[in-house]
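Quick heads-up: structures coming right below.
The following pair of complexes shares a single chain, subunit A, combined with subunit B in the former and subunit C in the latter.
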Partner chain A sequence: MKMLKILIVSLFGFIAATSSSHAVIEIDITRGNVQPLPIAIPTFTGDENAMTAAGSLSEIGRQIAQVITADLERSGLFVSIDPRAFINSPNNSTVPQFANWRAVGAQALVTGLVNLELDGQISVEFRLWDVLAGSQMRGLKWTGSPTIWRKIAHKTSDAIYKRLTGEDGYFDSRIVYISESGPYLERIKRLAIMDQDGHNHKFLTDGSYMILNPRFSPVEQEITYLSFYNDTPRVYLFNLESGKFEMLGEFEGMTFAPRFSPDGKKVIMSKAERGNSDIFVMELATRRIERLTTHSAIDTSPSYSPFGRYITFNSDRGGSQQLYVMNADGSDIKRISFGDGLYATPVWSPRGDLIAFTKQAGGKFYIGVMRPDGTGERILTESYFEEGPTWSPNGRVLMYYRKYPYDNNGGGGETQLWSIDLTGYNERQILTPLDGSDPAWSPLMD
Partner chain B sequence: MKHSLVISGIVHTGLLVFAAMDIPWFDSVEDAEMIVIPVEVLPIAEETRTMEIAELPDPEREKPKPPEQRPQRVENLPPPPPGMQSTMPLPTQPVEEKPAPKPKPPVQRAQAPTVTPKSKPRPPSRLDIAALRNLVPEQSLEERIAEKIGPQEQQATSLDVQRQTMSISAAIRKKIEDQCWSPPVGADTSQSLRVTVQVYLAPTGELARPPVAEDYARMNGFLKVAADSALRAVRMCAPYDDINLPKEMYDQWKEIKMNFDPTQMVS
Partner chain C sequence: MQNKFYAKFLIMIGAALILSACANTGSDDTPVVTEPEVAPPPPPPPPPEPVVMGPAIGSQEDLDDELPSGSASTVHFAYDRYDVDATARGILQAQAEWLKRTNASVIIEGHCDERGTREYNIALGDRRANAVKNYLVAMGVPASQIRTVSYGKERPIGTDHAANRRGYTRVN
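Presenting the complex of A and B:
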């Protein structure tokens, strides 16, 4: 009996002793300083004597590293280390000397190599390294024509961005927009397209008729827009790969503000008849058109939610221009904007969590976002005049255009494309050869 | 009869208490499993990713487009074997210094500030070294008091130990939050991004071995990115020798569990 007591007591004693010696400090970390990640992107190595249609391999390697650096820096989430600080230049087929990269403050490192294949194509491989852990995070190899090195660079940026942020990138994407030139009363408006960084710029129309509201298909390299061809505003489709234009039906009245459904099979738009405008949807395969709203007020700027279940639009049915959300069949219309001022051009984020809009209040224009139920309104940017937000394919960045006031001497009135991160920081101008307005971002390319 | 009732009572109570307590060796069994599982899962994850990537742009896509428009082939590159050298002899890179416990970190610290200003505009440093230093005297005061009290009292009541571990926790937390952790921004907040990292410290305050994020091998997407940011923070902040870590309490701080939760930061 006594033995048993001793045994039990000593057992408890033992438990108590071991548990105290095993006590592990536990710390909750809930705050931090959000800082861009320092990343080193040395020139991709390549043979300087191996020539291709796009220059020597070493020249291609140098340019690829520059494009990746520019892509990542423009996102605002990365800061590149000045190559002049590099202690040595790495070789993609060996493990880098991480101590040298830690010494220059890099936390991530990208190494790459450009090779010439037997068939005249180039192969580009890259590795993304975690400098602090001394391990490879990602490694990929692409093969293609030497002339598409820029595309390969954007794809590499996308892969790095995805591994380091958890989110798809948006660098291998394009922008269509309206290129503007000429004096105020005789403005020439042409449809133009470029890569998201402004390169590979091309005009798609000659400016002999006005073009407005270009919008990208979420699934195809196809755009829809409003054209005043023959002085009648009509919605057109333009396939970028085949170069074919087609008009979306001949209707009584005017059609405008077209936008694709998420599956690219329908186009939703406004149609005005006798001074009243309502929302219609057209099935592209059958060209069947269906009316979604019937109201004496002006309903316009419709945009689908990412899965096509809801539509947001703006309407002045409540007395002033505000944002509304309804089911895709036109039922259950709810107002979602209740702030001061007028709200217009709602666009549903491809992530589905937010609706971007243009707001006009107190003599100024604003671009902002709110949740689809109308809560959490946040203004991202303001100026004399700005509107027409379009989402990057990953829903992290908004592009829009800004217009400057005319001055007394007949000058001013320039339009420019700008982008801003969802956090409201990192606002940047996108340079275009002429003035630019009404941008539309493409989905990620193949 | 009476005796057996008493014995039965004691044994049952003992068992109940035994089950209700946080029994240390159960933890360690779990820990051991945790360490084993990731090692087994890791290669599978790599392969899965390979497949996924390999499927991306296929050369023979049906499109009637000139093939140069798209990169034609993608393949996943495995890490080069350590010491792998291409045909050219590379004197500088024969062996990777993976087990790099060398006192390199001080060198980094000395150089980093001189180099960073040269690089592109970086937001003004928010390293609040002064604030951190403030903590140190506070702690060394404690140490001095402890010295004065003499060796007998130094056995430390559990309350003392608790107080000291709390101040160690606070100092480490402050260092990581102020200087080292850049939480992932813009992440999808609909899922939990809380990550637990086991940190193993050497008596010198350096990392005794690499920090481990629980369940890392099974993570992907935003959670994996959150874990990466936490691991980076732990490594960036090492060595922890600027925090007063009392040697006699090494057992208390040699293993630290850090829970990183960016939820308040990301939105």
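Presenting the complex of A and C:
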């Protein structure tokens, strides 16, 4: 998977003499309602006569700048300056004329250059400039096949995001989800995958049987999910590179609600025996399964903490659906949710400090977060129906799906993917070709 | 009888014509093919006397018809519950009698309304399906006749939440 070579580019000689201080711009993404940073992202320079399999270098450069602009704007942390306001077009190999960028209100500037290498690959070089300080903040050069220019653009967005927020980005990542279509009595639910910005969309199953609750492996190009293949609901494993899928174990009862362990070597899931669902863990190498809970109540929706020491899950053992945390061996079970209403689908943040959940109260559904000890509950969004949060790889954004009520004319019932920042701001719909539900975010790609 | 004989005769003549046409193709590039004449079909037999019958024994309709309501295949559950209430017990008794009489094999589907998360509803649907199965087995139906499956909230029959919370006995 090593398709990209990275070179750190610095322009020591060009650090502007006008610069009197170190970098002054940075974004604190832990605060709500951040004032978005004005950023100028002119077209990356490229030779319009140099053709590749993905178009001319100038066309690639134009599209890369567009993808970076869309990525950064969607994060809600940046506002891009309209290119029509630009006073001059930059030349990537020289220091920009900062006065001209200050004049259009830019605080950060991204310049870039696309070159054709002798072996037919392209190299994409970009520099991030602090316009006010007049200095370079970051410079990187990627080399790879011309056809992966979109990936290079997302990686550039990630590098800019990281330099300005101090945290890893999430732009070079994918979403696996359930594509829904058809009338509500005969809904088709098939597995689909796309880049986090909706591009490179692909259906992974044909819709002849139902798929639900897909989850990405944190380390491999693998997905686990619930499949109704042969009208028999069981947990499956799908390898994205080979396109092959297989049932995980053969049990008399139903298996469902799967999720990978942080090292990708195990799948934790619910298994039902004569109507009673408990939590089990399967080691993928040996397919050995181990029981973790034993209770006559429903135990489901298990999710590991980032280092695999704890598991949070959903149970109605106390009389209503609540969230619990236990040790990874099933010991020391503690209830953590105590607010009004029902709690479900707990998912541990990749940063470890929060658990996201679905809450049901007063005829509405909510997505919220709480600390693993149950304190600090915070509701981020509410609607007629929404459920199933999934974390961005950096733990700063949650994606979930929303379902709309039926109307009296037999319409309604659509499902859509939405995302919201952990701060509770920047709620956005993620566009999909058909309806979408059950999103699951991949880790950052190589 | 005479018609049939005549038809056979015509077909034989037709076949002979085709054969001779084929034999002639050796020297000719365009084969001559003659369609055999087709005899008119015999008149249809008189329609049978109509007899009013119930649905086929052991069919889904037969099970539904087991009660005057015409919906003996379905029992309903209260919100977030899986216990078999008095109404459901009456329906399941009729199902049990029917299953013992017909030896039909069935799949019991557990369903939920849409006001809950997918994963919890998959578990709840499995509880409902098994609650129905357990009741039927307790009524003397062999467990080998019954399979269960949960569809959670994924297979509604309408927009009414109460109607969607159901156990459906599907004839296999």
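In the analysis below, the second predicted complex is superposed on the first by the 412 of 446 C-alpha atoms of A that agree within 3 Å, B and C clash if a C-alpha of one lies under 4 Å from a C-alpha of the other, contacts with A are read in each partner's own complex, and residues count from 1 in each chain.
Following the convention adopted for this analysis, contacts are C-beta pairs under 8 Å (C-beta built on N, C-alpha and C of every residue); 3 or more make two chains touch, one makes a residue touch a chain.
Please read all numbers here as calculations on a predicted model, not as lab measurements.
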Touching partner for A:D130 - first (subunit B), second (subunit C), both, neither: first
Subunit B versus subunit C as contact partner of A:S305, first or second or both or neither: neither
Which partner reaches more residues of subunit A (counting touched residues only), subunit B or subunit C: B
Touched partner set for A:S157, first subunit B, second subunit C, both or neither: neither
Partner chain(s) touched by A:S173 [first = subunit B, second = subunit C, both, neither]: neither
Which of subunit B and subunit C A:S270 touches, first, second, both or neither: second
Which superposed partner A:L422 touches (first subunit B, second subunit C, both, neither): first
Residues of subunit A that touch subunit C when the two form their complex: 184-185, 187, 189, 210, 212-213, 226, 228, 231-233, 253-254, 256-257, 270, 272, 274-277, 298, 300-301, 314, 316, 321, 344-345, 358, 360, 385, 387-388, 403, 406, 438
Touching residues (chain side subunit C, partner subunit A) in the complex: 80, 82, 107, 114-120, 122-124, 126-127, 129-131, 134, 148-152, 154, 156-159
Sites on subunit B touched by subunit A in the complex: 3, 7, 10-11, 14, 17-18, 21-25, 27-28, 53, 57, 61, 63, 65, 67-80, 82-86, 90, 92-93, 96-98, 100, 102, 104, 107-108, 111-112, 115-116, 118-123, 126, 158, 165, 168-169, 172-173, 176-188, 210, 221-226, 228, 230-233, 235-236, 251-253, 255-265
Contact set on subunit A toward subunit B in their complex: 1, 4-5, 8, 11-12, 15, 18-38, 73, 77, 79-82, 84-85, 88, 91, 93-99, 102-105, 107, 121, 123-127, 130, 132-137, 139-145, 147-148, 151-152, 155, 164-167, 241, 351, 353, 396, 421-423, 445-446
